[in-house]
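Chain naming follows the written order as A, B, C and D, and within any one chain the residues start at number 1.
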Amino acid sequence: MLELFRNPKNLGKIKDADASATAGSLACGDMITIYLKVDEKTEKIIEASFESYGCAANIAASSILTELIKEKYLQEAWKISWKQVSDELGGLPSIKLHCGILAVGALRRAIRAYYKNRERPEWLPEELTPEERQALEEEELMNILGKKMRAVSTKPSEKEV
Amino acid sequence: MLELFRNPKNLGKIKDADASATAGSLACGDMITIYLKVDEKTEKIIEASFESYGCAANIAASSILTELIKEKYLQEAWKISWKQVSDELGGLPSIKLHCGILAVGALRRAIRAYYKNRERPEWLPEELTPEERQALEEEELMNILGKKMRAVSTKPSEKEV
Amino acid sequence: MIGNLSSNLRALIEAHGRPEREVYLDLENSGLIFEEALNELLKSYRESGYGHPSITHKPGWSSLELLLEAKENLLSFIKARDGEVVFTHSGTEANNLAIMGLAKATPNRRKIIISSIEHLSVKFPAERLQELGFRVMEIPVDDEGFVNLDYLSDQIDEEALMVSVAAINHEIGTVQDLRAIADVVRDKDPETIIHTDACDALGRTPLDFGKLEIDIASFSGHKIHAPKGVGALYVRDGIKLEPIIHGQLSSQSLWPGVENIPSIAGFSKAIEIFRENFDNYREKMKNLRDILIGGILSQIDDAFLNGPRGDRRAVDNVNVSFLGCEGEALTVELSLRGVYVSSGSACTSRTLEPSHVLLAIKRPYEIAHGSILMKTSPLHGEKDIEYALGQLVKAVERVRSIAPKGVV
Amino acid sequence: MIGNLSSNLRALIEAHGRPEREVYLDLENSGLIFEEALNELLKSYRESGYGHPSITHKPGWSSLELLLEAKENLLSFIKARDGEVVFTHSGTEANNLAIMGLAKATPNRRKIIISSIEHLSVKFPAERLQELGFRVMEIPVDDEGFVNLDYLSDQIDEEALMVSVAAINHEIGTVQDLRAIADVVRDKDPETIIHTDACDALGRTPLDFGKLEIDIASFSGHKIHAPKGVGALYVRDGIKLEPIIHGQLSSQSLWPGVENIPSIAGFSKAIEIFRENFDNYREKMKNLRDILIGGILSQIDDAFLNGPRGDRRAVDNVNVSFLGCEGEALTVELSLRGVYVSSGSACTSRTLEPSHVLLAIKRPYEIAHGSILMKTSPLHGEKDIEYALGQLVKAVERVRSIAPKGVV
């Protein structure tokens, strides 16, 4: 895992990406952007890359995920779970599982982005998958917390049961 | 104090003692016997000795007490307090104060014993002094505890608030 | 306590001079340390274990590695098939966590059952819980300290939160039949949690938590010649405890604050040493124990052994009472002769009552007051024990010579 | 936590190779040790401090002597005129004893007042007491972490059990005005107890408990380069606490179990070293701190100092945020370069929330996540700090290079 942090594979922006998406935010403390280059005809991923603001596990998870999806059909890539990402890394500690979830969340958003102006294939569900929902929830939570914080009154906070 | 434990002064029975008394008991874990030889005319203590079943502080306290009362009039000896005994030893730790009290208790009992068949002098109060009372209380407590223990039923003891 | 005063202490210590030999037998109260365990501690401070095991840098990871290794070592020594180890800073803390932590986590069961000879770090937390509305039942023991299984059985019902019985009693060396205790408990109520204070059992008797139906067990480092500052609680999978001390999340949610990795590394080493030499060490301790007990009973009048004999007694435990010989005075007399032991006499406990353990096995007060506790260890040789025995004979004679006559 | 898995740890550690230099700056989480303090610990294990200080024999008295000396040393270093010292096994335990022990002893006052930036070993026990019916008030702080004295004053009444404010904040180095805090409290209600968590203040700022009206104070050994496994609580005469851990009476009724004398002896030594070199060490730490802070702010873009500046800041504290540079990744990157620091980022705390201290001084989340905490010490030299600075510059650059662009 440290090796992937040290020498991550597929790091950086793809300038002429066919799709890209971000999950997480600076405020969350974790943020992953995934870039995809897709063969229009076969719907195969030709190139994948990432950028990450997050801990070492986050970077390793993004790196391994982009490795996993290369040369895969979008339909196959869609099915990759955070569990697979974790397994590939030799098992993420529970405290780090959300890194895998976030990476998968970003990938699925990118795939959805790819189909934004194209016809939605059957295998692509309309509802959000758990990974996408978790990414969304983290972002929203931080939004709320951020607002709450800005609104912090200068009154002493009394906590009672 | 250790020196007095190592080489106690005035240790042992006085065979032809004019008075002797014991305070404490084996069950208390502390027991001191004081022996006095008194000049009949002057009521001066000519010789004093002790035996002790108890901790090192107990032995030291008895030893120093018998030193203190030598060549003293009984009236003076009566006034010696456990505080003085403690001070002579360089200050007994609080947990050991009862050793001093026990020693003084035994001495006062011996002085009372001396006057048992003699006329009670004015300076000798009829009521027990605190030191004598404490010795008595310890003995009684142990009596009660001892009985209670022998009566310990084999039933599980339930303790409730 | 003679001279609990700073100014006298120096004089007290110097008065000892240089005895012919020094033999430390007070392993109940504080341990000797394996040189190898001390070296492990040193290495940890200097090289690899000075970090905080939750932090993501090399000293942190090295510390985490030592921590995980130590947990594995303990789990494998006690043959646990599953479960977690929480490191505390002492056996006392482990016992407190076991009892108060369990009561917090399962407040609906309100009866705590302990034997009448438990260590005070089990007895007092239980009594503290009484103030919070729990009931504490003390199971009586026989004259050798063995728990009365019928009474135990009678007490188990669906109100019973836990049963706590030490695998080996610290004072009189009773080796309880944990298997039988667990059977009795499980038979009446499979939900009652079983805790054993194994501080004195580790390394002295085989423990097989794979077979024994024990849920929680406490251990103490200095009891196996490890550094001070480390205790451990084994908690079987599925058993829930609440923390009783609160603070920064460490790698252990049940005991916050930075782990004492150097002491833990030393503990781990001591476990290895005990595991590798298990039969050997047991044989050695037992042999020394029997020389000491045999010598005392044959050479000193009015001496009584407290606790069971033979294989039902801990291999290291020697607890004897000398009638008419006050215990604390004897510890001082022996100290002057280079032999270090402790006594269960009244003076140290601030009350007139001697050890609750000796009273529970129905020793009269006068015998309890004259009790002396010693433990043999693999760090002792026969010469040590023979020296101690010789001094003991003389010391008892001397202390008795001070006592009022006709006492014995 | 990268690879919290035994099998990966070895690889992780070995991947580091041999960096040019190693500089340990994570003194917040775990200390370096003075070689002299370590030697004192060794001597204690081998010669004079392996006994139990309540037992009446030579090793016991030697241990008691070391214990009493250590108490004296601490009392004189903090210039206390009266009062007692209780040794625990950590600063966390000392804080728990202060707060929960006081609440147990004085249950009729039910309001606990703490600042909003207290260490979790103060904050969490207070919150635990809430569950038992106490009320906890958090006093807000300004952008530099200084307690709002007006709000504090408003909260003090005859319901107030205690006020707890750390002398120096562990994360952002705020040196509180304890004198002013005490005046405010005493003015409104002389009976309210004042506690200060002085774990990070000892040795860093002059403490004069003869003049300061502080009733209880906590200390931690590893924070002053002493061995682990020792904390201390100063309790002024007349203040009553109840124990929170129960067991055998040791020489200390407030913390049962055998005292860790070797660690205590090492702590005592570290106190002596800090006392003898007080001005010198302070100057040195401050100098190194300023080199580090100055270098960071001038050489790295979008870097922010958290906490106050100059003399109102702890002499050793360096806490900076790098925008667009996630903290935990930075700790790993720095570790590979031989520089060991910690981050207040979310990942270590199992929640998405960064440090409550940084939020209390109203740092936005995106700044709080990129925070790095370092402390200088007398054990560092200028070369160490320069090396760390150089690596920091490169590490921030590298971690930022991985992040989505346009973030900064």
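Simple rule for what comes next: contacts are C-beta pairs under 8 Å (C-beta built on N, C-alpha and C of every residue); 3 or more make two chains touch, one makes a residue touch a chain.
Treat the numbers as computed from the prediction; the structure is a model and nothing was measured.
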How many links in the shortest chain of touching chains run from chain B to chain D? 2
Without counting chain C, go through the other chains and collect them into connected pieces. A, D | B
What's the distance between the Cα centroids of chain B and chain C, rounded to whole Å? 37
Let me have the rounded angstrom distance from the C-alpha centre of chain A over to the C-alpha centre of chain B, please. 84
Could you tell me the distance, in whole angstrom, between the mean C-alpha positions of chain A and chain C? 53
Using mean CA coordinates as chain centres, what's the gap between chain C and chain D in Å? 33
Two or more partner chains touched - positions in chain B: 55-56
Residues touching two or more other chains, restricted to chain C: which are they? 1-4, 12, 56, 127, 328, 332, 350
Have a look at which chains touch which and call the overall pattern line, ring, star, complete or other. line
What chain pairs are in touch here? A-D, B-C, C-D
Considering only the defined contacts, which chain C positions touch chain B in the complex? 1-5, 7-8, 11-12, 15, 116, 127, 130-131, 133, 135-140, 148, 151, 154-155, 324, 326-329, 332-333, 336, 345-347, 350, 352-354, 359, 362, 364-366, 369, 402-405, 407
Footprint of chain C on chain B - complex, ascending: 1-3, 5-6, 8, 11, 13, 22, 26-33, 51-60, 90-91, 93, 95-96, 138, 141-142, 145-146, 149, 152, 154-161
Contacting residues of chain C [partner chain D, same complex]: 1-4, 6, 9-10, 12-13, 16, 24, 26, 29-33, 38, 42, 45-46, 50-52, 54-65, 68-69, 72, 89-93, 95-96, 119-121, 124-125, 127-128, 222, 227-230, 244-249, 256-258, 260-263, 328, 331-332, 334-335, 340-342, 348-350
